[in-house]
Amino acid sequence: MITDQKPVMVKVAAKQVHSPTFASLYIDFSIDFKPGQFIMVWIPGVDEKPYTISHHTPDRFAVTIEAKGRFSKKAVALEQGDTIGIRGPFGNGFTITPKTQIGIVAGGCGMAPLAPLVDRLEAEKNSEILFIHGARSRQFILYPDRFSTLRQICTDDGSQGHKGFVTDILEQEIRTRKEAGMPGLDLVYTCGPEIMMHRVFHICEENQIPCQVSLERYMRCGFGVCGACVCGKQVVCKDGPVFGSQTLRTMEDFNTTALLKSGQPVALDQYASWRCQ
Amino acid sequence: MQTDFLGTSLSTPLVLASGVLGNNKAILERVHDNGCGLPTMKSIGPAPRDGHNNPTVIDLGDGMINAVGLPTPGYQNMEAEWAELEGRNFPVNASIYGGSVDEFVRVAEFVCAKGPDFIELNISCPNSDQHGMIFGVNAESSYAVVSAVKKVIDVPLIAKLTPAAPDIGAIARACEEGGANAICAINTAGPGMVIDIEARMPVLAFKKGGLSGPMIKPIAVRCVYDIYRSVSIPIIGLGGITTGADAVEIIMAGASLVGVGTAVRYRGITVFNQINKELSTWLANHNTTLDEIRGAAHPDLETAHRRGK
Amino acid sequence: MQTDFLGTSLSTPLVLASGVLGNNKAILERVHDNGCGLPTMKSIGPAPRDGHNNPTVIDLGDGMINAVGLPTPGYQNMEAEWAELEGRNFPVNASIYGGSVDEFVRVAEFVCAKGPDFIELNISCPNSDQHGMIFGVNAESSYAVVSAVKKVIDVPLIAKLTPAAPDIGAIARACEEGGANAICAINTAGPGMVIDIEARMPVLAFKKGGLSGPMIKPIAVRCVYDIYRSVSIPIIGLGGITTGADAVEIIMAGASLVGVGTAVRYRGITVFNQINKELSTWLANHNTTLDEIRGAAHPDLETAHRRGK
Amino acid sequence: MITDQKPVMVKVAAKQVHSPTFASLYIDFSIDFKPGQFIMVWIPGVDEKPYTISHHTPDRFAVTIEAKGRFSKKAVALEQGDTIGIRGPFGNGFTITPKTQIGIVAGGCGMAPLAPLVDRLEAEKNSEILFIHGARSRQFILYPDRFSTLRQICTDDGSQGHKGFVTDILEQEIRTRKEAGMPGLDLVYTCGPEIMMHRVFHICEENQIPCQVSLERYMRCGFGVCGACVCGKQVVCKDGPVFGSQTLRTMEDFNTTALLKSGQPVALDQYASWRCQ
């Protein structure tokens, strides 16, 4: 079935409310998929926005949405049986290469694209995972019981784990391993607020660790034609949303600039709509 | 396949269609590096505009339907981009639109001072209630806007036409008489509508949208054919061009340059290099040149007419 | 799926598009027997006409391009066919064209006396230099021809429109005001042109041709949507309808009956039964009816408006 | 390769002149094909007309054309290296069922569609063929050396074989076999002037022999849409051009009526353009 042309209408098969603002919508539909790819979700009469696939089995998948603006509030208010349209999957997804020591650094619902990646790494059992997850507070920690890998949690308010940033833990881990003569990280995957990902990238650069980040920009087509999502010379929906260290090094707009709906480039803090945290 | 166009030397005869990718300097440059001789910027309008809500762009398999709705930062809010473009090593075609002759003139004059190599008047976009369309379906208004803009700019003027014009040859002639240096044809066709039968409503938020890609190629070829017979200025032919053979076809209809938009969906950004390669292979295999095949589908016309472009 | 249409009971809501197959009584009957509620005859003109030389009809894979050129024995030379049709047990829609209001009137009056169930005015065929097109792109001339014909016929009058009209809703309204009992939309789109790059000339002998089939469906849906909003008479929606889902789509846009032409290329003469089956299965699965989904893509319009047709 | 949409341009690879008015054009092109099918031949700037494939190998085929009107005269005047467009193959072709006693009755260049059928029957070696071929005169006998099966020739002028009609021979053969208690014909394939085919059909009917005839009507699309070629309720280009006895029995227009280019039905003699003889 062709799923990347006009929307395929599907029903919400189940809904899981994670917190006052986070919910996952489950869809009973077989979709071809690679961790890190996204779909366009259409709520007829409202709008259409990109969401990462946050859970995937051969005949069911989910998206996890934070209620933030007009669209995402309507999305988390959807109930079982409601009909939405989906197009996709789009984007490149994470590059998965056999590595031993893997870092996963998630911020807020930046956990969404990373979750199926962790599922996959856990199933493949080839690697040891350093898993760091930050959130506003305890109740915003997504998928608390999903993974066998232990997560190191940070919260802004200290309601669970470390009070502070995921990057504190990442830096400390890298330092500890180095000092202990333990094997260092071979690769770090990260998703979360762009400022966080930028910091993770730089920590990785300082320590010569390859890094993959998942970016977010305003999107229209989702398949590399309209130009709405360009970030420097990268087309986020098509070349990305995942970018590796080599590309990130030359990506001037990373953590600095994003285009508004009008096409106007603005500083990221003005854009304000990046990955929910 | 270096090509001369209105006094500017282009690395290839391929043009990036306006509204496709061209949202910043970096991507225009990337498109150029991938074999596009003349990248066109997304149409610049008189005031900031968000465009329509999504869905705005949907692939139909054999083409696309879109109603992006002319988003623009507004011509006065693009200093950063112009600054970046200043040091460029490739030519740029600045597409502009307005809701009145005055607006067109104001935008054109301002944009021209920023140093694009060409200015393209989008008098043909069907996606907005207030903008554009009115000019491109009527010869008098096309003449009015072209001749007014012509007075305030000192770079070559390209008029971009819509296939919705009842007689596109007459519109092209009016533009030529108004001072246009080239014609670009076609903008999207239709408009069309796709209704989702489960949602029971149009898929596009704006309901109607322009059609592009392979499904409109026969319309584009017909339009270029008609325009070629009614003007002597060069034509940028586009609409569904996806392969070197498509390029040959629209060149035989009369195009001097060939625009590519929707094909980026089907063959990626490297589509420009792919088409260039297919085009030059075809020419080599047929022991011929671009100049020789241009307008070849008009054997009745003077060779002089064909060679003049 | 028995359907009432302007007082005539049709076995199904499907209509055979004019110019497709309908060249004699036997084939009209066969089409009817295969699930077409209302077969339409090939357009009948004022004088014998051979049409264009071949190639006249070319498949493009996702639709066709044709310039058959309105061949017709001429309205006065069809006695044998009318005689055969007299004993028929199925309804017939007689499509006619003319080069002037007078010609339309003369043909319509003559044809009406032969007992067709409906007369369809082809004021939209793009394939002839002299015939038809002029009426369908202009509201005044559409009104003139419809109102003149209306006076001389006593069967329901269907006006068949072209998508080339700048505002097809306005044309439809003019036809309704002129006395049309239904609108049929759309005729072929474009026109388009396909150039063979080895032959270096257009493939069609007439060079340009009308586009039909799946590639024009979005245009057809948009036109029916527009017409539905501007008239209260029923609409025969056609243009690329190939499956039951396509039929549902154009019915949601506002069609009361659904025309099928080019789909015969892709699914054979049994396409009518196939579409009927798919359509009724869809309706059953959705626990709904044709009446309920008609115009469903216009939730803002009065239910009364939707049910009136 | 799609060959039934817009014309595929090919070169005339070889030309064989059979007689003052008959020539075969050979094309080096692989075309999928069943005996009895036809292609549309486009001479750019002139016209496009249907021609039966008269010779077929995996990478070469031919059409055999009689110079008759404007188009066919141009066609036989084509030379090696000239470019033409072809679309097809179209139509149903002959139904080939394993039969022991097969009759082939060709009139003039009605031999063209029958020739690849005879080639095939000879290759399959399952049947005995009664092969009757009529022509104006000796020099119009197509493919004189092509078949291993012996042909019974008739000519209008008696310049070779029987002076008279193919139907004379057919009737006589049927009678002889019956009288001699030999096995009768299981199936007759025929192509030639419609009046001849009609006569063959009736002889077959009288003797309860199934028969297949290949009809000819003015054609535009070639694929069953435009209706130019309808013969009663049959669409010759798509349901035919080959029709079997069962259909022929109900086909009122067979040997009576054909549509002119204008769509006007006329008596066959007025139509005048049927299978060349």
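Should a chain be cited, it is by its letter among A, B, C and D, assigned in written order, with residues numbered from 1 in that chain.
Quick note on the criterion: a residue touches a chain if its C-beta (ideal position, glycine included) is under 8 Å from a C-beta of that chain, and two chains touch if they have at least 3 such contacts.
Because the structure is a prediction, the values reported are computed rather than measured.
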{"item": "Any chain in contact with chain C as well as chain D", "value": "none"}
{"item": "Reaching chain D from chain A through chains that touch each other, fewest steps", "value": "3"}
{"item": "Most distant chain from chain C, judged by the mean position of its C-alpha atoms", "value": "A"}
{"item": "Separation of mean Cα positions, chain C and chain A [Å, integer]", "value": "51"}
{"item": "Distance from the mean Cα position of chain C to that of chain B, given in whole angstrom", "value": "34"}
{"item": "CA centroid of chain A to CA centroid of chain B, Å", "value": "37"}
{"item": "Multi-partner residues of chain C (at least 2 other chains)", "value": "60, 194, 201"}
{"item": "Numbers and ranges of chain D residues touching at least 2 other chains", "value": "none"}
{"item": "Graph class of chain-chain contacts, one of line, ring, star, complete, other", "value": "line"}
{"item": "Every chain pair in contact, whichever chains are involved", "value": "A-B, B-C, C-D"}
{"item": "Contact footprint of chain B on chain A as seen in their complex", "value": "2, 4-7, 9, 40, 42, 44-45, 47-49, 83, 85, 87, 219-228, 230, 232-233, 235, 238, 252-253, 259-265"}
{"item": "Complex contacts: residues of chain C adjacent to chain D", "value": "19-24, 26-27, 29-30, 42, 48-51, 53-61, 64, 66, 68, 71-74, 77-78, 80-81, 194, 196, 198-199, 201, 203, 205, 261-262, 264-265, 268-269"}
{"item": "Footprint of chain C on chain B - complex, ascending", "value": "60, 62-63, 65, 137, 164, 166, 189-195, 197, 200-202, 207-208, 211, 214-215, 217-219, 221-222, 225, 245, 248-249, 252-253, 282, 293, 296-297, 299"}
